[in-house]
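Same chain, two partners: chain A is paired with chain B first, then with chain C.
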Partner chain A sequence: MLAYLNNLAVLISINAILAVTLNFVLGYAGIFSLAHAVFFGVGAYTSALVAMKLGGGFLLSTAAAMAASALISLALALPALRVRGEYFVAASLGLQMLALTVFSEWKVVTGGIGGISNIPPARFPGFEISSPAQYLVLALGCLALVMLVVALLVRSSFGRSLKAIRDDETAASAFGKNVAVIKTIAVAVSSALAAVAGSLYAFYLSFVNVESFTLDTSVYLMAMVIIGGTATLVGPVVGAVLILLLPAALSYLPGLPQTEVGSIQQIVYGLAMVLLMIFRPGGLWGFRDQSRGDR
Partner chain B sequence: MLLLQLLINGLQLGAIYALTAVGFALIFGSTKVFHVAHGAAFTLAGYLFWWSINAQEWHWAVGLALAVAVVVAFGLFMERFIYRPIQRHEGAFFTVFVAAFGMQVIVQNLVGMVFGRGFETVTVSLSRAAEIAPGLFVAPIAGIAIVVAIVFFIGLNLFLLHTHVGTGLRALADNPDLVRVFGLEPTRLAQVAFGLGSALVVPAAALTAMSQGINPGIGAHIMLISLAATIVGGIGSLKGAAYGGFLLGLAESLAVWKLDPQWSEAVTFVILFVFIIFRPAGFLGRAQGAK
Partner chain C sequence: MSAGGAVLLETTGMSRAFGGLKAVDNVSFALREGIVTALVGPNGAGKTTLFNLITGHLDPNAGDVTWLGKSIKGVPHWKIARSGIGRTFQDLKLFDQMTVQENVQTVTERGAWLWQPGGKAGLAERRARAEHALAAVRLADRRHARAVDLAYAERKFLSVARILASGARLWLLDEPASGLDPGSYERFVTLVRDQLRHGITVCIIEHNLDIVKGISDRIAFLDQGRLLADGDPASILADPALAAIYFGERAA
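Let's look at the complex of A and B:
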């Protein structure tokens, strides 16, 4: 039971990192990406490869993962500079599908459908992390760090510029904001931080394959941010907790056939998304935070 | 010969994509609702058609009628109970998109629970391919798909150009406020757009069920293709969406000529990506990409 809770807590932390970083572009920059799982994947694969082929420790692997992810995020920033709204959603969907094909077909690097296994445990200078409890501490530490970075960025002048662009791009550009540079940096930062989650995930499971980085994952992450509340710091974390606790709660519900749990879970998310959009578009947490004027 | 084979397959696929994309474009053009639950309508139509024929052994016309009825009802329901309440308090594209996406997830999983998650095909003699030339296999369904698509487009065009409601729909696309000034009801016209646009997925879904087969996840794929075709063709243009559908179908099929089949979907998205970056207005679009 304790092992189960520990595992759940690690996965919640990893997903919370992803949700917080997605919220950074979605909530604050108004860049509505359905390709966040791509950067999770790029992070996980890069980190796994650096650890296995180059014998890198956690810090080196994660740094490499962040760099690779930030580089690839240019593929997302490019359409974000050209178009907004529905066009951009389509572009990010395209990137997600494209990346999925690459993940599953570029077998030399990603191991194809079989994935990469036997990733060594996370090493730090002087010690090694192997027990699940230690991973929990590491994951919580990373989550706290990522949240701190995002909170600081949002409060800085950079964050204000982002919100200005989100609310009115033309006005922001008239005020002398370099919209292209600010958007590109925002996407790169968000993607690099998402790669941290990927790195954690690869080390924790010591196995990665394409299943974890599908469009479904991107949709779950979007659901976490939206259910929790966009443009709030805590909202995405609340969303991640709720969405990961749901399957656990459902599996304890008596009378539900086990084979249908996955579907029922997805129906509950879907329903939550529809109802929230009709009655409370700011999300659960966003509603309480409305006084701050962030939407 | 392989090239010719791929060309025919591509046209068949393109006809299916074009039908779906035109429905999507009709709804988007006249109501400005980004109806991503369009793929859910496709899934519903495909499964109802399959269920009527394979499980109930009804006549195919009954299956089609049932699919049309349910899908139109679904479209009207979405407009009345999901999109309209949202647009009443907030017109943001994002909010509408998320709600529609949620609906797509719900329908996909409900269909999976009710009808099973496997691949299902409606086997009819029409989908049996015959070798009409050495190495060239063509099923009658390929011709039917292309003819059906063309007939529907001509019909839709005549409807939009020559009927009162059709003119109203085009007016709604141009200027909803002016429509109200002229004493027409935008909400009633929006209902027509949703009903008509949704009905267009039925032939596409039935054709897919008879050729490649359907599974509950197909709605998401169809949604992506409709989106891509609409954007490649140019948002706001029905003709563009039809061309876009054919182009993507052909590209997906012809890709197999040089690449492994697993990469054919990727080709679609490369085309979409290139269009968004270099020509966001699409090849027939009047809307501007960068707002």
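Let's look at the complex of A and C:
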């Protein structure tokens, strides 16, 4: 039971990192990306390869993963962010589809459908992370660090520029903001931080394959952010906890056949989204935040 | 009233059509330093389009704009903004979900990277500019309210605070006084007059002729995209032909 909870907590932390980084672009910059799982994947594959082929430890592998992810995000951001919102959604969906094909077909690098296995444990100078409990500490540490970076950025002049662009792009540019460059940097930062989750994931499972990086993942991450509360620091974490605990909670529900858990889960997600839109359009955490800020 | 100083901004033969409609048609006029020029004319005369052409939000089909002696045609609008041309919008376009303070703060921060240039001195200068703007429009005690939660007049003043904080040298104001109560309007005029003494230049789009009379040093009269008259307020407002156009009695 403890091992099960430990595993769940690590996965929640990894997903929370992804949700927090997605929220950075979605909530603060108003950039609607359906490709966040791609950057998770690029991070995971890059980290796995650096660890296996170059003998990189956690820090080196993660740094390489972040760089690779940021670079690939530029391929999406540079052309797509010059146009208005809807086009970016379409372009990000395109990248998600394209990346999935690359992940499953570029067998020399990604191992194809079978993926990459036997990834060595995460090494730090002087020690090695091996037990699940140690991974939990590492994952929580990474989550805290990513949240700190996002919090600092949001409060900085850069964060204000992002919010200004989100609220009114025309006015932002009329006051001298280079909208395309600011958005591109935001996407690159978000993708690089998402790669940290990918790296953790690869080391933790010592196995990666394409199934973790599908459009479904991108949509679930979107759901975490929206349910938890966009443009809040804690909201996406709350969303990640809820979305990951839901299947676990359902499987322990007495009288519910295990075979039905999947479909019940979909119904609960759908219902939760509808209820949220009606009663708490700012997300679970968002509502709180706004009432505290103003009244 | 004064004739103004040197020419800051000049348009020559500026034209822009939307489909078959000539929104701005061969307009040549100049904005002189240190005065208020009013752009007047009936609805659809092309006043806001002219603003959009000057600020680079629209590209002209023909003609040129020079700012401080250099052509700014085709320059991206954010660069034009950084060169000192600021504007307000008819629909305000405030950063609604941000606080009053953030609205003013963010226009002082133009660097696109993760940090702003200028170090501590730059930070202090930007802070002072933001504080000054908030104080000038009397919104300092509303600094933590979100822009969307402000009352109408407060929102109007926030849009003025934004242009003030931005440090723009030329203010293009799109109907800044519409809907203001007399008290707020007086405050607005005083504020603009005060800023004129501090070296700004204003071009204002205004419908209310009483307001135009009260605030402008020069009037440019537009109708159907064409510049019909450009001169001192007294003679333009006394012209019966222009009054007829303005009040809708169009001569054939």
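We adopt the following convention: the second predicted complex is superposed on the first by the 286 of 295 C-alpha atoms of A that agree within 3 Å, B and C clash if a C-alpha of one lies under 4 Å from a C-alpha of the other, contacts with A are read in each partner's own complex, and residues count from 1 in each chain.
Throughout what follows, a contact is a pair of C-beta atoms (placed from the backbone, for glycine too) under 8 Å apart; a residue touches a chain by one contact, two chains touch by 3 or more.
In this text the structure is predicted, and so the values were computed from the model without any measurement.
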Message = Let's test your reading of the overlay: on chain A, do chain B and chain C clash or fit side by side?
response = fit
Query = Taking the superposition as given, does A:273 touch the first partner, chain B, the second, chain C, both, or neither?
reply = first
Inter-centroid angle chain B-chain A-chain C after superposition on A [Cα, multiple of 10°] = 80
Message = After the superposition on A, what does A:86 contact: first (chain B), second (chain C), both or neither?
response = first
Query = First (chain B), second (chain C), both or neither: which does A:98 touch?
reply = first
Request  = Identify the partner contact of A:207: answer first if only chain B is touched, second if only chain C is, both if each is, neither if none is.
outcome  = neither
Message = Which partner chains sit in contact with A:175 here, chain B, chain C, both or neither? Use first/second/both/neither.
response = second
Ask   = Is the number of chain A residues in contact higher for chain B or for chain C?
value = B
Message = Can you report the least C-alpha distance between chain B and chain C in the superposed arrangement, rounded to whole Å?
response = 11
Ask   = Taking the two structures together, which residues of chain A meet both chain B and chain C?
value = none
Request  = Over in the complex, which chain A residues touch chain C? Could you list them?
outcome  = 153, 156-158, 160-161, 163-164, 166-168, 170-179, 181-182, 185, 189, 231, 293-294
Key: chain A-touching residues of chain C, taken from the complex the two chains share   = 55, 57, 76-79, 81-82, 86-87, 89, 93-99, 102-103, 105-107, 109-116, 144-146, 149, 162, 166
Query = chain A touches which residues of chain B in the complex?
reply = 34, 82, 85-86, 89-90, 92-99, 101-106, 108-110, 112-113, 220, 224, 227-228, 231, 235, 260, 262-263, 265-266, 268-270, 272-273, 276-277, 280, 289-291
Chain A residues touching chain B - in the complex, by the definition given at the top = 32, 78-79, 82-91, 93-95, 97-98, 101-102, 104-105, 215, 219, 222-223, 226, 260, 263-264, 266-267, 269-274, 277-278, 281
